[in-house]
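There are structures below to look over.
You will see two complexes here that share chain A, one where it goes with chain B and one where it goes with chain C.
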Partner chain A sequence: MYLTLLRISLVEYLSYRLNFVLWRFRMMINIFIPIFLWSSVYQQEPAKREKIIAYFILFHVLYSFVYATRTHEIASQIQSGEIMNLLLKPISFFRYHFVRDLADKFLNLFFSLIEVAIIFWLLKQKQILLKYQVTNWLIFGYLVTVGLLINFFTSVLFSFIGFVSPEYWAPRFLFMITTHLFSGLFVPLDLLPRTLFEFLLYTPFPYFSYWATQVALGQSIEGNFLFKIISLSLFWTGVFFLMMKVLWNKLLQSFSFWGK
Partner chain B sequence: MIEVKNLTKIYRSYQKTKNFLRDLFFRQSQETVALKNVSFKIKKNQFVGLVGPNGAGKTTLMKILSGILYPTAGEVRVLGYVPFEKKKTFLKQITFIMGQKTQLYWDLPSFETFNLLKTIYEVDQKVFEKTISHLSKILNCQDLLLKPVKHLSLGQRMKMELIAALIHQPKIIFLDEPTIGLDLFSQEAIRTFLKNYQKDFEATVVLTSHYLEDVKKLADRLIILNQGEIIFDDDWSAIRKRSSKKYLTIYLEKPVTKKILNELGEIVFFQFPKVVIKIKKIDLLEKIALINKKIPYLDLTIEEEKIEEVIKEILTGK
Partner chain C sequence: MKAWLKELPYWLKIFRGYSLLSVRTVLESRTALVLFALGKLIRFLFFFGILILVFKKTSQLSGWTSTQTFLIFFLFNFLDSLTQMIFREVYRFRSLLISGNLDLILTKPHPPLLKVLLGGIDLIDLGFIGIFFLLVNIFLFWEFQGWLNLLLFWLFFANSLVILTSVHLLILALAIFTTDVDHTIFIYRDLFRLGQFPVEIYQQPLTFLFTFVLPLGLITILPVGTYYWLTNWSVAIFGLTFSLIFFCLSLTLWQRALRFYQSASS
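== the complex of A and B ==
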């Protein structure tokens, strides 16, 4: 069943080709801006320049995978009442949307890899420092999984605003901008002031894709610090999962679907 | 099949004032009673029409029966299940067709949605093929299966919605305004299809529609709701018995004064030579005697009061 849903979601996505091309163009611009900005900052230091370009390239790939979601549709479906169609099906609501998200993620990943190849060619980037160690890959796999789960849960939670208000875009947009800012999309978090960096560790933002990027870049995170990252990421995943489940049950019971 | 006991549903909504801060921090809630102590039973293979004015509670009742809404008080059992629990085995036996909402993927051919529904409801491939072929043949829409939904007309889309809703051959069908916005031919086609489907598959159907024609042609039993309460629950013959008026259509031989016609009853239409008069059922013989005595006519017909009017009388209590 989920394979059929995955296929349908992919086909559905590709039915608006112009939208698709323009969207990928926007993504390309998104990656070029920080790369050019930071390239000029480190113009005199080629080693650092190469490292930061590698960071943004990898972040772009992971961002495409982790952040890709279609759960924003849930809010409008709640407001229009279309959500009722899904509620009446013998299928898990969250699994349904997670699979739709996966379709989006695979598509994003595929095209972001092509874009990265273009960037490599344009910037004559030599390599990305990947540490080929099993433990690193395991940690990387864990961090990516946690990142996409946190993204899924928070995105669904923001869609629940549709239950109480038709004005669901503004808070979602605000959260998205905050996430971009504090998750390392524009500035690698280790370049931020130390106090801010330390503080951010206790927020969910670095666990979207920042640490996964760092691990993929070969930064060794070991011992107590690794334990801290794993515990905190697990904590936020659990918190958002519980919030999503509890709120879903409560809102569904109290929502009236009046006139919908 | 369906058992409802003392069902009450109260909606809570928040009043908006012109003061933004007050709305944000001190909002006032108000309660609206959508269903008040409603009780009834529906047996297998019945076609029940839910009728009532806007806000009577029809759609709320259907949403509770299907498990979308949580009742404030009372007991609801459908096929032995508590609907709101949304057990998979329950959901596999019901369907809800909403005339104003689509479950089809807008950009894709309907067949893609059917395929997904086949896997969701775990329908056997052979049964699936047979059902699609059977339903699309009856609805005369075999050529539409591979056309993107966004390119279908409203009537064509409704046919696809019906197939999508019936792929798993549900035992209970909830129909909310299935013919809304359709032209007369499409309305007729959908009605014939629904009636035949219900007979063939022995399904239990609960229907709401603002087109009384749908209810008249399809339902065996009528439930009239008003302000959240059931005010009538019986079959069509019972509603006929509730009729208290008759219509007399007279074709006059010569012009007569309005005064004489007024003696007969309420003049509904008068343009020589035709006159239509509404009278009380119990006065029929007396009025006919009066006509024979005082009015020269060429033809006289007696008609039953329209069902719509009887329902209106029940609703207004007149």
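== the complex of A and C ==
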């Protein structure tokens, strides 16, 4: 059933091709700022320049995959009552949205790879260095999964604001801005002042894509620090999952709608 | 021209009326107002921090000194907030189009642009405008280049406003032809955001594209460039000519679009 849902979602998203292409065009423009800015900064240091370009290119691909979601639509579905149509069906609400998100993620991933080819051409970049180590790739897989889950849970949580207020866009906008800025989209977090970097470790932001990118680029992370990253990412995944479940049960009990 | 001047007080009165209504609407959702403003403030502070970080690692950014780069950055933010405040109604144009409610504006006895372009003054950016204006002036006087340069700076600032007005007119016109304004306005916003740093960082062929085709360089770089005598006069004259032609073309296209318009309700 979920495979059919995945296929239908893909077909549905692809039927709005122009919208999707324009959306990806915007994403590509956004990545221009950090890539070219930092590339200019390290103009005289080719090794550092290459490293930072590799970081942003890989981050762009991972972030496109991890951050892609359609769960923001849940808020408007709650407000319009459209959510009732899904609640009455014999299907898990969360799994339904997760599968639809997966379809969106695959499409975004595919388009981000095309964008990377364009960026490579613009930068006259030949390759980026990825370290092929099995242990790294296992950790990488774990970090991508955790990023994906944190994004899903937080996005659904922000949509739940639709249960209590019609002004659900403002809090989501604030969270989206904060995530974009502090997840490593515009600056690798280790370039930030030490205190800010250490503070950010305890927030959910670096676990969207930052650590997955660093691991894929072969940054050596010592045992204790790796344990800290794994524990904190697991902690945030658990916290957001529980919040989502508890709030869902509570809000659904008080939710009512007429005319559907 | 004479008739236009005669109508001006009447238009200003209508503009004032629309603005008051818009401000009241925004004030109805104060929490959203605060959260949006907070988001914008965080974004500004973050990019300001990035620039500080950049100049800890290098003394120049593609040939621009730190003071010049900060001036470009503040000027961008000033222009961005100003145009977002004045032209906010453009963001709501699509719903007018697809619902057919544009008919109600077209039948009113005033130019439709008074509503669809200027009729939705936004409060969120009002506070930021004051701060950015102050910061631009502080950085202009930090390395004061002379009164003539200052005059040129504000002249090319006005030129940038003409270009940005033309862009919004163009978006409105295209919306009537395609019924899609959301992507166009956000693509414009994303492209404009590239202008918060010197366009030279984007390397060729993008620098050429962002200066002469998509006029980002003309908007943020030209005022600062002329203030520091860094801009070639031929580029400055090109900038002035470009904005004039672009404005006339956008206005003509808007008028054509209105003739093309078919009401959604009819």
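Here, the second predicted complex is superposed on the first by the 256 of 260 C-alpha atoms of A that agree within 3 Å, B and C clash if a C-alpha of one lies under 4 Å from a C-alpha of the other, contacts with A are read in each partner's own complex, and residues count from 1 in each chain.
Keep this in mind: a contact is a pair of C-beta atoms (placed from the backbone, for glycine too) under 8 Å apart; a residue touches a chain by one contact, two chains touch by 3 or more.
Computed from a prediction, not measured in an experiment: that's the story for all the values here.
Enquirer: Let's test your reading of the overlay: on chain A, do chain B and chain C clash or fit side by side?
Expert: fit
Enquirer: How wide is the angle at chain A between chain B and chain C, using CA centres, rounded to the nearest 10°?
Expert: 90
Enquirer: Have a look at where A:1 lands relative to chain B and chain C in the superposition and call it first, second, both or neither.
Expert: First partner only, chain B.
Enquirer: Could you say whether A:23 touches chain B, chain C, both of them, or neither, answering first, second, both or neither?
Expert: Once the two structures are laid over each other on A, A:23 reaches chain C alone.
Enquirer: In this superposed model, does chain C or chain B come into contact with more residues of chain A?
Expert: C
Enquirer: Identify the partner contact of A:82: answer first if only chain B is touched, second if only chain C is, both if each is, neither if none is.
Expert: So A:82 only meets chain B here.
Enquirer: Going by the contact rule set out at the top, does A:198 touch chain B (first), chain C (second), both, or neither?
Expert: It touches nothing on chain B or chain C.
Enquirer: After the superposition on A, what does A:190 contact: first (chain B), second (chain C), both or neither?
Expert: It touches nothing on chain B or chain C.
Enquirer: Is A:15 contacted by the first partner chain B, the second partner chain C, both or neither?
Expert: A:15 contacts chain B only, not chain C.
Enquirer: Once the two complexes are aligned on their shared chain, state how close chain B comes to chain C by Cα atoms, in whole Å.
Expert: So the smallest C-alpha gap separating chain B from chain C comes to 7 Å.
Enquirer: Across the complex, what residues on chain C touch chain A?
Expert: 29, 31-33, 35-36, 38-40, 42-43, 46-47, 50, 53-54, 57-58, 61-62, 183, 186-187, 190-191, 193-194, 196-197, 200-203, 206
Enquirer: Within the complex, which stretch of chain B touches chain A?
Expert: 11-13, 63, 66-70, 84, 86, 88-89, 91-92, 94-96, 98, 101-103, 105, 107-108, 112-113, 115-116, 119-121, 148
Enquirer: Any idea which chain A residues touch chain B in the complex?
Expert: The touching residues are 1, 4-5, 8, 11-12, 15-16, 80-82, 84-85, 87-91, 252-254, 256-258.
Enquirer: Show which residues of chain A lie in contact with chain C when the two form their complex.
Expert: 19, 22-23, 25-26, 29-30, 32-33, 36-37, 39-42, 122-123, 167, 169-171, 173-174, 177-178, 181-182, 186-187, 191-192
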